[in-house]
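Shared between the two complexes below is subunit A, which pairs with subunit B and subunit C, respectively.
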Partner chain A sequence: MQIKSLLSALALTTAMTLPGYAMARQVTLTTHLNNYGGNGAYLAIYVTDSSGAYAGSLWMAGGRAQYYRHLGDWMRYTGGNTGEVAGITGASVGSGGSLKLSVDLADKLFDAGYTLHIDAAAENMRESPNEVHVPLTTKGAGKAINGRRYISDFTYSF
Partner chain B sequence: MIRTLHRWPGLIAAAFLIILALSGMALSVFPALEVASSPSAVAQQSVGDLATMVLKQHPTVEQIKRAPSGRITAWWFDGNTPGSAVVDPATGQDVGNADPNPVEQWLINLHRSLFLDDNGRIVMAVAAAAMLVLALSGALLVTRRVGGWRNWFTRLRGPQAGRLHSELARVAVPVLVLSALTALWMSASTFNLLPTDEANAAFPTAVSGQTGFAPDQIAALRETPVSALRDLTFPAAGDAQDVFTLTTSTGMGYLDQGNGQTLGWADNGPWAQAYEWIYLLHTGQGAALWGLILGLMVLSVPVLAVTGMLTWAKGRRGRPRLRGMVAAARAQTVILVGSEGGSTWGFATTLAQALQAGGQSVHMAALNSFAPDSYRTAERIVVMSATWGDGTAPTSARGALERLATATPTVPMTILGFGDSSFPDFCGYARSFEAMAREKGWQLLLPEARIDRASPQEFARWGLAFGQEIGLPLELHHQPAMPKIKALTLVSRRDYGEAVQAPAAILRFALPKVGLWDRLMGRDMGRFQAGDLLGIVPEGAKVPRYYSLASSTADGFAEIVARKHPGGLCSGQLMALQPGDNVQAFIRVNPDFHPDKGTTPLILIGAGTGIGPLSGFIRNQGARRPVHLWFGARHPDTDLFYGKELSDWSDRGWLSGLSTAFSRSGKRHYVQDALHHDAEALRELISIGARIMVCGGREMAHGVQAALAEILEPIGVSAAALKSEGRYVEDVY
Partner chain C sequence: MKHTLTYTLLTATALVPLAAFAAGLRQDPNVAVSSPTETMLLRVESGDDDHGALRRTGGGDDEGCSSEEDDDEGAGCTGGANNPPPAGSVAPPSNGLLGNGKAPTVQSN
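Here is the complex of A and B:
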């Protein structure tokens, strides 16, 4: 249930805010991919709390659940439960492409030890769990973080 | 029904099937390339040993994978730089680039989705389904055509495009069915239409929290052979909560990095196991040789698509237009045509035109449009139908029998069957149609009328009889498109018989050169073998003369033996022919006079120019079965055709027995006398199943039959019985 109280909702679906978390802000997540030269990459974007425990998913780029097992860390946290990404799933992201998301995130998530992670994988290529991991802070907003294999840079901004 | 099921998916999906096949064929090579370029596996190596090797070279390794081909790939990070390589399992050293081959990936995307993602995948899955329907319906059609599964590989006849289509399909169809089925399975899996039961062990809730247990100390890794490995993922550096993740051919689980214990394991379910086999069968990944076989077989698809469309187009073109035709409701005579290749339409048109010339109004249509109620002014219905395979309806007659079964008899009907009496069930479809019409109470004019092998003479005779029936003199001059007449050039001639005032010659003609396209379109002469007939149209005449061929297509020339007949137009022209001169000629197959496929002895009996086809039989049968020749000529010095070859063939063992009789020398023997002389040998040959083939003049053939009847009488075999069994055949002129 934590996910539902944590995340108000995604702007892409509904712009709803849950009771008790009236204070939320719209955050833009921008992911640019390298020209890694393969088929579209699957990306799982999710958040862990200060203790390292899974807190919830923000987005799944890639529609086929049978391939989620290549997103190792996300699988480990969720057991592959597609309910975690129901309604927040989109297409995989092509080589050299980019993904821009608008999400409403609760103020409480910032400067409280939460970390945003991205797992990435593409067909017949390396699996790259935890490709990006960036603490959610107000100061860190707008600063580009480099990925390891697929993601050239990732930015969250208000 | 089955033909519709074969035709429309074929025509619609042809382009997609060609793309599927060509890309699939190209892809089939990659598994073999991968095996050839990968370092060989180490026998008995455990995953623990392999991991240790790789760790030595790349301390920051994150993942080791084994492809079905046996290729081992490792991924690691040097600082922030991702690295990967194909590694040699024997040393752990890098031996090659691990990036997927871009060409292969491009081909895969084309093959499965036309680069159109899910929409493309659906299109290609539908194409695969079309291929399945085509393969299965095609198999049924072939079975029907050859008369049962047991005759699956029997010899086929007919125009080149159609024959090539069936011949290729017979070989490729099992692989095409398999490819289509596995493709559909894989598509269903991609679209999540199949249950997923791939192992998915729950991530352990508690770990030792320790690190540093070496892979070769971990029992699970020591016990798992590399051959069963799919994937080994190492714990993330610096994360004591992380674990080893091991995936094998049977399942997956987690291993503690601090004490090596297995923290959870799950096995693949039956669907996941089945998928591994389906994947292997479809892609050849993990079975490279199978992949190559697949690719080779799939190469038949473009050829099948093109020949299939040509056959279809040809069938359509074969249907002529009748000038001055009236609507079915206003015609006095309705002609209904059941045609497969189109030749019956030709006969129907001839009849229609003759009726029109006699002042009749005529409607001509396909037999499948049979609707007697709508023929309001009709005085008669003429059904002209060929037969397909073993008595099935030809294309344009599909469904007609069913319509007939439910129709009420109206005006008189006449049924004319077209067929080839050398096939079993001569005019089978016309007979069924006639039987049904009789049963339903139709009045039948000229019952059981049949035309054998498109004979214009028989057709003309039928026309006379039919004209009398309807009170209209009918002269039917049908020129069956004397097809594929080609100019043949004489390349050599060997002359005989001048001394006995009976000039004769062995004439050898070069075959015209024909391109592949023309051959597929049926614009070549057609294939022939010794015993078939060469029709020669002499200058100044329209009717061809037939000569038995002494050679086959494979010989690369057409050879005949001809004798000059006093006053003979054609033989006179042939005798005057000099190398470089041309004749107008065509092939007519003569399946009755072909040697069978068996290995029992052949008894060849001939006289004079009748040696022609027999010499061809010795050439192509002599090496595989005993061949005995009894040959009659006038004089050894004048007309012993193929004299030199005969002794060569004896020396080579192609002729097990050679007996000659000369009617104008020495004892004046005829070939019958030679048979009597060898009576004992002949009886022995017949008793072990020998087959008799006789070629020559009519009188000689009668004499030979009488002699054989006498010779075989003591062993209780009659010549007539042998003939009815097909063991005694003649080509007589």
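Here is the complex of A and C:
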């Protein structure tokens, strides 16, 4: 009887622990850049909610904060607060290059009105805020979205 | 017997988050460094477009970085103090977007 009770308790406590680790899904964000012929592009990848409010950043390609002012929409949302990209910042991406991120994204982001945005900028070239903006939906996974200037295409997939 | 089972229960329950945590540590981002150089950008307003062009400037500007120092993403620049910590050096922000609080792993070329 005691064994049965303990096993039940074990199953219950395990079941209560696991959901915290199951409310996210592995998502791959792939960005291909055009051969725009310039130096490395800064890319700010961030999310807004269904009301258009900034929800948070997912990645910053480019480590120099003084250039972030050229990522216009991201700057407008964040005020240039580098804390928004602390620990999620890497190198800029070269012309013709690609950036592939593998990230556990919260399930709540999908099919709930959230939109992923990418601002882009490169030296001696025009800024390109909100170059990519794509609603996060399960149906949209795997479908390439074309950029306007620096980004050839962007895809998120599960 | 009762004690043994109790210990088993406690151990198994504790191992679940520990295993997940350890998995997260193993997946610390491996940031591939691309080769682009980065130089000072300056907005130049243009009358025929919504967005300004970016222009290189030399040293001596208000940022305190010369263009020669711009290739190493943070080192040797007085403005570097405000640069965000790179992936892998600190925990990512708790913005509720990143499941399990893990930073993305990245490949760049």
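By our rule, the second predicted complex is superposed on the first by the 136 of 158 C-alpha atoms of A that agree within 3 Å, B and C clash if a C-alpha of one lies under 4 Å from a C-alpha of the other, contacts with A are read in each partner's own complex, and residues count from 1 in each chain.
Going forward, a residue touches a chain if its C-beta (ideal position, glycine included) is under 8 Å from a C-beta of that chain, and two chains touch if they have at least 3 such contacts.
The model shown is predicted, which means the values in this text are computed figures rather than measured ones.
Asks: Is A:52 in contact with subunit B, with subunit C, with both, or with neither (first, second, both, neither)?
Replies: A:52 sits against subunit B, while subunit C stays out of touch.
Asks: Have a look at where A:72 lands relative to subunit B and subunit C in the superposition and call it first, second, both or neither.
Replies: both
Asks: Please work out whether A:129 is in contact with subunit B alone, subunit C alone, both, or neither, and reply first, second, both or neither.
Replies: both
Asks: Considering only touches as defined above, state whether A:148 meets subunit B (first), subunit C (second), both or neither.
Replies: A:148 contacts subunit B only, not subunit C.
Asks: Touch test for A:102: subunit B only (first), subunit C only (second), both, or neither?
Replies: A:102 sits against subunit C, while subunit B stays out of touch.
Asks: Counting residues of subunit A in contact, which comes out ahead: subunit B or subunit C?
Replies: Counted on subunit A, the partner with more touching residues turns out to be C.
Asks: Under the stated touch criterion, which partner chain does A:25 make contact with: subunit B (first), subunit C (second), both, or neither?
Replies: A:25 sits against subunit C, while subunit B stays out of touch.
Asks: Looking at the overlay, does A:39 come into contact with subunit B only (first), subunit C only (second), both, or neither?
Replies: The answer is both, since A:39 touches subunit B and subunit C.
Asks: Residue by residue on subunit A, keep only those touching subunit B in one complex and subunit C in the other, then list them.
Replies: After superposing on chain A, subunit A residues 39, 64-66, 69, 72, 123-129 contact both subunit B and subunit C.
Asks: Enumerate the contact residues on subunit C facing subunit A in the complex.
Replies: 1-2, 5-6, 8-9, 12-13, 16-17, 20, 29, 31-41, 43, 49, 51-56, 63, 65, 70, 73-74, 77, 79-80, 82-93, 95-100, 102-109
Asks: List the residues on subunit A that touch subunit C in their complex, please.
Replies: For subunit A paired with subunit C, touching residues are 2-3, 6, 9-10, 13-14, 17-18, 20-21, 23-25, 29, 39-42, 47, 55-67, 69-70, 72, 82-95, 97-109, 121-129.
Asks: What residues of subunit B sit close enough to touch subunit A in their complex?
Replies: Checking each residue of subunit B against subunit A gives 62-63, 75, 77, 80, 82, 84, 99-100, 102, 105, 109, 189-190, 192, 196, 198, 200, 202-203, 233, 236, 241, 245.
Asks: List the residues on subunit A that touch subunit B in their complex, please.
Replies: By the definition above, subunit A touches subunit B via 37-39, 52, 64-66, 69, 72, 75-77, 79-80, 123-130, 146, 148-149.
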